[in-house]
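One chain, chain A, links the two complexes that follow: it is found with chain B in the first and with chain C in the second.
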Partner chain A sequence: MTTSAPESTAQVVSSEEIRDMLLNLVASYLEQPVTDIRSDVKLLDYGLDSIFALTLCGDVEDEYGIEVKSTLAWDYPTIDAITGFLHEALSERV
Partner chain B sequence: MTVTENLSRQPAERRGPLADLDTPDTLEALFGDPDDLANPVGHQAFVDADERGDFLPAGRKVLEAYGIGAEFVPRALGGRLGQADDLARVLRTVFRHDGALGLGHGAINLIASSTVWAAGGADQQRWLASVLLDNRPTAGAITELAYGDDLARTRLRATERDGDIVLDGRKEVINNVARAHAITVLARTSEEPGSRSHTLFLVDPATVPRDRLRFLPRYHTSGMRGTHLGGVEFLDCPLPVSAAIGEYGDAMETILRCFQVTKSVASGATLGLLDTMLRTVTGFGVQRRLYGRTVAELPHAEAELAGAFTDLLICDAMTTTACRALHVLPRQTSVYAAATKYLVPEIEQGAADRLAVLLGARSFLREGPHGAFQKHFRDLPVAALAHSGATVCLATIIPQLPRLARKSWFVSSAPDPALFRLGQTLPDLDFGRLQANAGPDDQVMATLLDVGQEVQSDPVLRELCERLVGELRALTVGWRGLSPRNRTPFAGPVGFELAERYAVVLAAAACLGMWWHNQDHPNPFMRDTAWLISALDRLTTRLGYDPLPGAGDAARHVFTELLTRHAEHRAFDLVGRRLF
Partner chain C sequence: MSHLAYAAAAEFDRLLGDPRDTGRLFSHARSLALDEREEFPLEICRELDLLGLPAHYVPVAHGGALRNFGDTLQIVRTIARRDLTVAIAHGKTFLGAASVWVGGDPRQARELGAEVARGTAVSWGLTEREHGSDLLAGDVSAERTAGGYRVSGEKWLINNATRGDLVCVLARTAPEGGSRGFSVLLIDKRRLDPTSFRTLPAARLHGIRGADISGVAFSDAAVDHSALIGAEGDGLEIVLKSLQLTRTLCAGLSLGAADQALDMATAYALARHNHGKPLIELPQSRRLLARSYADLLTAEALTLFASRALHALPGELSITSAVTKYLVPTLVDQALARLSRLVGTRSLLRGDTFEHGRFQKVLRDHRIVGIFDGSSVINLNSLINQFPLIARAHRRGPADEAGLRTASTFTEALPDLDPAALELLPRRSSGLLHAVPAAARELRSLADAGAVPHSLAAHAAEFAEVLEEVTERIGRHKPTPVAAPAHAFKLAEDYARCFAAAAALQLWLRNRSAVDAEATHGLWESGLWLECCLVTLVGRLRPVRTEHLVAEGGRDPEEAVDRLVEPLVAQHTSGQLPSLLPYSRLGTPA
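Take a look at the complex of A and B:
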């Protein structure tokens, strides 16, 4: 992946913050309370399949100002997996 | 408005499709005069073959003589595939004469081969190139009857066993599959649900054990009756491991990228069907006399004919822009290709329906001088569905548009003019640069604002552009306000409606770009504002506006050009080259 964010936005983001952001995002897509979403369940099991992955990757790019592969949610199928990937990517950037 | 200033910005040398409008191109010349009853590849011969439910052998010979297969092979591999819009125009010629040939011996080769050019190994590419350069048919066995466009649920399985790949399962409604010398097959290579569980394989049917491969009975269709739609069943069929196209698990991504090419090119190709329908009905209109004048002289008929011609120009602006964007804006074409594959068949079908009304009783006849109309009329909806239908195309862009609304519209800058300049050669198609989804940089849409600025001195164009910019503003608000759920596979009708409106505004932007950046077009009609005014007026009408009173004069110019092109046997597209 490439990092393309301006210096100023590059700051440490904790795994917890990333996971919360993703949980809220997925809850909003599904119009369900965030407490109903589990970070270790596959997004596919919530009915969010390939096309959704494209949406998610755009939202992640805009949220953190980085570029990610559009297939992010294909390769990292749960919120926990995406969190791990993003945490590492964002830490590298700093 | 004056365009001299713009003209001075154009390159002096005229190349590409605008270089010669007065002699038919090689392929068109091989087809000759379609109305000549003695022509073995004239309309009558194709209508007869269609009635028999078969390809016209003489038609296939024409394509072989021309060497159609080379059109699908990248230049680097010894073929002629360089620019997507060039390929679309070649295939348009075939569709002008026969849809079954255009799909079965044309577009299908691109569907079958593009994934190999994008992801295949050097040996696979060389082998497939040789098959196509020999003009042998190929097939792409991608969809399954049970799951249609939901490719992720593909069931045909490929497993590794004793150093072989073993295919097991069936594909149905596949063009040419029983005759193909090369078949690309989408297979499941992992039981995991999701989008990393599929791999494409390149199959040489001549080398697999005959008892492990079974062809299923042919399907007969309402239109394109000559196409050979069949099925194939692999019964624990062994393939060498080298048959995999690219990495395991990459098929969905490869397909998402390649189908941007196939959708754009196929949309541009099918315009040949509308070209012939419009030609047939215009011929009827100028010959048949009612109430002491020709049908074409009746104001309503005149408006309908001019409208259909305008529709064709709109569609060509959109498809040519989508095709050229594959070269110039490869990061964005996921949206452009799908918007085009949605809107173009929609506009074509509307135009065809109105032409059928105009042709009246003759539109139903399967024989006689207007039989070609009825045949093309049957072919059109089949051609439109064959490679992903309208709804699926909209579903592809819905998740992507909110981001364009947030990040791009009214922000992105106008594209490199090469995107629109028909005379400017583009670097060869590079499948590697295409992306599964679009970035936040809708430069085609930025053309609406960019060229919109330039037409302020023309009151009619100014008004039309204001409407379109207003619509883009409304779309921006609409998409930003859409609930996140409407950006998922569960999107409601509201998302679909906004996506439809987006496609219409995008088409308008393409028309503006094509007009402004082709002021070196040898035909003054294409440099003038009449077609552009008519096009934008039709598109804003589609958005629910009343027709602009000032656009009436423009429609008359368009009609005059239609009659001229009809009399001179010229194509009704942006280039307008002589056909025979």
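Take a look at the complex of A and C:
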């Protein structure tokens, strides 16, 4: 995963890009093909436990350079929900 | 004279009086008699209430006396040094109340603060018969009603569930559960319909036999909405943050246990003769004492750092508390096992032959410390879960060097306890591990200047090497969903030992000129205690077969540790307890 500097990433990121990033992330955690992961299924249903879901926020920070609450995946339990939240947060920043 | 860090604890000790005096309420004789009868230490707990101990469980912001967490921890240690049953039975109120300090609103916190200060016992109900550490599996449910909640289900193996008027419960508020499906309710048993709950008989125990480890079963118990701490669904987050505070506090229980055992063993080794020689002159006895003292000093240094870091680096407490709750009880279990080999048969005797039977009691009592409030396995697992963030923080470099300096330097003023600053995961790196190479270089200069032996600088350099290997392995760790692989647990243990070694380095370097060298009998001068911590920790991180080494003409690396016997005996005979900082034992030297 690439580490982007916070200053250089203040640009519009599309929902599709965010969703793809999250799908790939979850697929690589689970060691499953990305085509097997659905964005409307709860992460918990994939066996990603609560503490594991916490670490997601680190990856999101690395990718987009924004600080999100460590409970991100608790409050937005599917990839679609996280995507919606991140898209809004990133658009506001621009 | 006692060091500032221990002043509040020493004052408590003085008020309680010499425990060897059977005329005192809180005497060894009474503690052991109560244990024999499996009786709750009610009068002793009342005495602690009268002396104002409960106020130390309440932050000053809520009307209490807790300004410096380290003071409260050292008071708990002082109580544990006399009797772990009492420390656990009484100290449980801090655990029960912590969720309110973390997640309660100002009115709830003020009201609870007043209750606690009056001596009301608060218990903490997380565990259930079928579910231990897996908090999200809990079945106790709280269903919303017009005025609040209707609570049903059973919490079991709960300290003070019977005696405590208040019980802080983690309950399922969404039938499907999940991270946002649980909430914390502070339930006042006095205000419940008495037919809607019952307490369960106390479990019979191996150690802390007098404690009230019982349970409570609710059946459609109506509680008011004001019992909800934080928002509905905040339960897991509040509990995980509260555990960061309580797991740190548990170190005080372990230190108190080690204090007692080492003090008894030292007295025994000085008095007992074998083959015409006092035990203390036999090399193997010295080794057992020295290794145990090194473990105690390591545990004490880590605890001093952790309790300051709780103020100075609260955002990293998810790491610091997991390291502390794993390593301190583990080191103390190890020390207790060694010391019981030294003491031999007397470590098993009950009754009046040897120290009122205190040795066998502390061995039994301490067993629970590594299990409750998150066992060693759970804390290591928590570290494994945090590996990706640890690696990431390490790549990014140090972020809070000022916080690290405050956490390490005894004379620096601590910021107030701020539960709002706690994080479920570390956001950045404090630089404790980053600071190791620079610390090793600092020791090299000190060695070149003749202030410390070259061997100390060499051990620090070796540790810096080992640390690099360990962080590299953590960077390569691939997170796995749910069940961490067995080999990762060893890596987490290694990480914890590196953390402790790094904390020891900072503590010695930042405080060496401020600590009274004479009063500490050579422990601080020339870095003796630091060297012993490094030797024993690195010995575990990078084991060598001593007998091979010696057979090939090398030195036994643990010889360095044997040098601890001298300050240990000097402290003992001058009426001090074995400790990093001067602490006088009560009464005249034995």
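Simple rule for what comes next: the second predicted complex is superposed on the first by the 87 of 94 C-alpha atoms of A that agree within 3 Å, B and C clash if a C-alpha of one lies under 4 Å from a C-alpha of the other, contacts with A are read in each partner's own complex, and residues count from 1 in each chain.
As a convention for this text, a contact is a pair of C-beta atoms (placed from the backbone, for glycine too) under 8 Å apart; a residue touches a chain by one contact, two chains touch by 3 or more.
Source: prediction; values computed, not measured.
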| item | value |
| --- | --- |
| Chain B versus chain C as contact partner of A:Asp40, first or second or both or neither | neither |
| Touched partner set for A:Tyr29, first chain B, second chain C, both or neither | both |
| Touching partner for A:Ala53 - first (chain B), second (chain C), both, neither | both |
| Partner chain(s) touched by A:Asp75 [first = chain B, second = chain C, both, neither] | both |
| Which superposed partner A:Asp62 touches (first chain B, second chain C, both, neither) | both |
| Chain B and chain C contact sites that coincide on chain A, given as residue numbers | 29-30, 44, 47-55, 57-59, 62, 70-71, 74-75, 77 |
| Chain A - residues contacting chain C, complex | 3, 29-30, 44, 46-55, 57-59, 62, 67, 70-71, 73-75, 77 |
| Residues of chain B defined as touching chain A within the complex | 152, 193-196, 252-253, 395-396, 399-400, 402-403, 406-407, 435-437, 440, 483-485, 487-490 |
| Residues on chain C engaged by chain A in the complex (per definition of touch) | 136, 178-180, 236-237, 382, 385-386, 388-389, 392, 395, 423-425, 427, 479-482 |
| Complex contacts: residues of chain A adjacent to chain B | 25, 28-31, 42, 44, 47-55, 57-59, 62, 70-71, 74-75, 77 |
